[in-house]
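In the part that follows, the structures are each spelled out as structure tokens.
Two complexes follow with chain A in common, the first pairing it with chain B and the second with chain C.
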Partner chain A sequence: MKSKRQRFEEGFTLIEAVIAVFILSLGSYLIYLGGHRLYKGFNDLKDRNLFITEAAQCNNLLKTSLNDIRFPYWAPSLSINSSVDEVTLQYLDGDKDSTLSMSFTENGFQILIDEENFIIYKTLSNGYIAPIINDKTITGLNVVFISEKENEYECKALFGGIPIVNMDDYE
Partner chain B sequence: MKLRKRDQKNNKYTEGYVLLEALISIIILSIFMSSIAGLYSSMTKNTIKAETAFAEYLNTYNENIDSRKFLFYEE
Partner chain C sequence: MIMNKRIKSFEEGFGTAYTFIIILFASIIFIGLAYLIINSRNHISFDSNIESEVLSQDIAEQIINSMLEDNTPESDSLIDPVWALVSSLNTETVAITLTDLSSRINPNFFRDEIVDETNISKLIFADGHSMAELEQYRSDNTITADLQNGYPEFFSEDGIEFYLSSYSYFNINIADELALTDMYVIRTENESASESFRSKIRQSRTNKTIIYNNEIENIAGSAAGKIYPFINAVPVMNIHLIPEELLSEILSYDFGDDKLKYPEKSFNQIIQKRTNGEIGIDELESIFSVKDEKHLIFDYLGTKTWFWEITISLDDCKRTVIVAELPDKEYSYKPRDAASKGNIKRTLQIISNLFYNEQDL
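Let's look at the complex of A and B:
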């Protein structure tokens, strides 16, 4: 009978080596699966956090920017469909030539102030813009951002000034 | 259960207990993995908290806007 020492010095048989390789590859695959899921989970969390941060920032900017829109009493009423991707508003700071545009593009939600200054929120690429209507007059905008999990965040903002006279009645 | 002792040689790296070392490494790995799981769950909780807080803030603000009355004409 072989001694214990002799057995250790002989090395591994082919079957032992194959079994060892199989166990190692199984372990590696499990580690890969776990690591992949963890990486995906952390990435998902990062995206969700970025979405909330950008939505909150955009919400503040919308409220400030729309507050600067002041329609004079002679301006005609705005006409915006129930849900659109793009809106251009005149009378930024009461000036007819100054405009404020906002649109949902493939690159994200874009706010363009006066065709020079613009900001793009990359994660807010999905959503729509709807008017807030009071007594047949549009008093503000409701910008809805839709997250990847289909959660809707409604950011409502009112204009700083709205027409006092309804032009339809005035004519 | 009897711990199997490694083949005795005059080399200090081959001495010791195999099972004990395996158990210790498994315990260390478990602690490491549970700390990562704890970190992940706390991050998820924080994200859900932030999402809920933002949604609640928007709801309150929107209710305020909806309840506002506009007087377009002089009565």
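Let's look at the complex of A and C:
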């Protein structure tokens, strides 16, 4: 009877070798699949993190900026459609001629302060702007960002000053 | 021999690879813990802000609701239930103030006569500035809500803090014609029609007629819906809450050769009555000793406050809410309508609601 050592030294048969190669190939393929999924998962996580981080940063900026939009009580009531991709607001810091614009562009979500300073959030290129309405008055804006994976992030920000609603215009 | 072994072992050091890995591992755990603690601190502080935000909003809403529940909507005085509520809500940790914003001089529309012919100019202007200069500046610029920056260096610090306000409705009977026209254009965007509006106001003043709240349509036509309530005929200031110095000056004004008979007596009566109770619209004629319902005193002084400021300070946070009352179009808030005061429709609107952490400023 051959000892184990002797068998090992004799080598493998062709079938054994084929099976070994097959198992190795299968293993390699599974490792590739796992690796690929892991890589993709990391990339998705990175994109998601970038999206959430930019949306959170933008949320903070919007809250501060819209707080600085102070319509005097006599200003004409604001009119914004239910869902738009571009808005320009007057009365930045209470000054009628100073404006704050925001828009969704191909390059991302852009906030333009007084036609000079602007900031672009590159990962936030998709979404819409909707008015927040309280008792017939537009009191602020709700900016909704939609990621490539269709995740939504809502930024709700209120104006610092709201005009008196002219009831006759509504009744 | 033992000594030699110890020295050798000491020289070899004790930092083996295992020790190094353990130290590295422990470091990672400690860094992780520190990060967790820092984050949880941020989280707690964030939660505390939210709590203050919600609580201050709740207090503001309670105050506004209390104003709406007042049984005498034609008069706002210190005996209204809202003041008792404000007092009860004030604690060691929460400081609440309620301020009448409209019983002051609004430089956006006040006429030169009343400021020049009384000592109001001394109360409001910074040294070297006058009403004539203000009028010129006003006609070159537009109406502004920001008095400090809108009228740079015109007013004294005390003037801005106690006697001036940009929050009050433009009274069609006493406001400056140009300011009224300016407001008309802002509201209607119709510059050509504004001249006709202005000439009707001038005509009414020449004829010494008074326009009432429900007659605005006769003057403004179809634009009335757009200019009301921004231009109206309700009394501008509330005798219950107007600063004493302003009250005294306004009572001493000659109202176009129609001076009050006993301004000092009227002043003392108001101060005494407002300290202990509420002054009704029907008492105004006797307090001013004026029987003529067209007298301009009824456009300057009444019993209503139109704009309120509520501030709520708690922890390091502060909420400032400005509330406007929309005057009932069918009511004049003057002695002529005193009998029908039970039918007044009261509408309040928040026109500014700011919340901020004072540490962030």
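Note that in this section the second predicted complex is superposed on the first by the 126 of 171 C-alpha atoms of A that agree within 3 Å, B and C clash if a C-alpha of one lies under 4 Å from a C-alpha of the other, contacts with A are read in each partner's own complex, and residues count from 1 in each chain.
Assume a residue touches a chain if its C-beta (ideal position, glycine included) is under 8 Å from a C-beta of that chain, and two chains touch if they have at least 3 such contacts.
Here the structure is a predicted model, which means the values were calculated and not measured.
J.: Of the partners chain B and chain C, which touch A:31 in the superposed model: first, second, both, neither?
T.: After superposition on chain A, A:31 lies in contact with neither partner.
J.: Mind working out whether A:162 is in touch with chain B, chain C, both or neither, as first, second, both or neither?
T.: both
J.: So, A:135: does it touch chain B (first), chain C (second), both, or neither?
T.: both
J.: Please work out whether A:74 is in contact with chain B alone, chain C alone, both, or neither, and reply first, second, both or neither.
T.: Touch partner of A:74: chain C, not chain B.
J.: Now for A:19: first (chain B), second (chain C), both, or neither, which partner does it touch?
T.: So A:19 meets neither chain B nor chain C here.
J.: For A:96, decide between first (touching chain B), second (touching chain C), both and neither.
T.: It touches chain C, and chain B stays clear.
J.: Share the list of chain A residues that count as touching for chain B in one structure and for chain C in the other.
T.: Residues 135, 137, 139, 158, 162, 164, 166 of chain A touch both chain B and chain C.
J.: So in the complex, the part of chain C that touches chain A is made up of which residues?
T.: 142-146, 149, 166-167, 183, 186-187, 189, 225-226, 228-230, 307, 322, 324, 326, 347, 349-354, 356
J.: So in the complex, which bits of chain A are touching chain B?
T.: 4-5, 8, 38, 41-42, 45, 48-49, 52, 55-56, 59, 132, 134-135, 137, 139-140, 151, 153-156, 158, 162, 164, 166
J.: Considering only the defined contacts, which chain B positions touch chain A in the complex?
T.: 7, 36, 40, 43-44, 47, 50-51, 54-55, 58, 61-62, 65-66, 68, 70, 72
J.: Provide the residue numbers of chain A that touch chain C in the complex, in ascending order.
T.: 67, 70, 72-76, 93-96, 135, 137, 139, 158, 160-169
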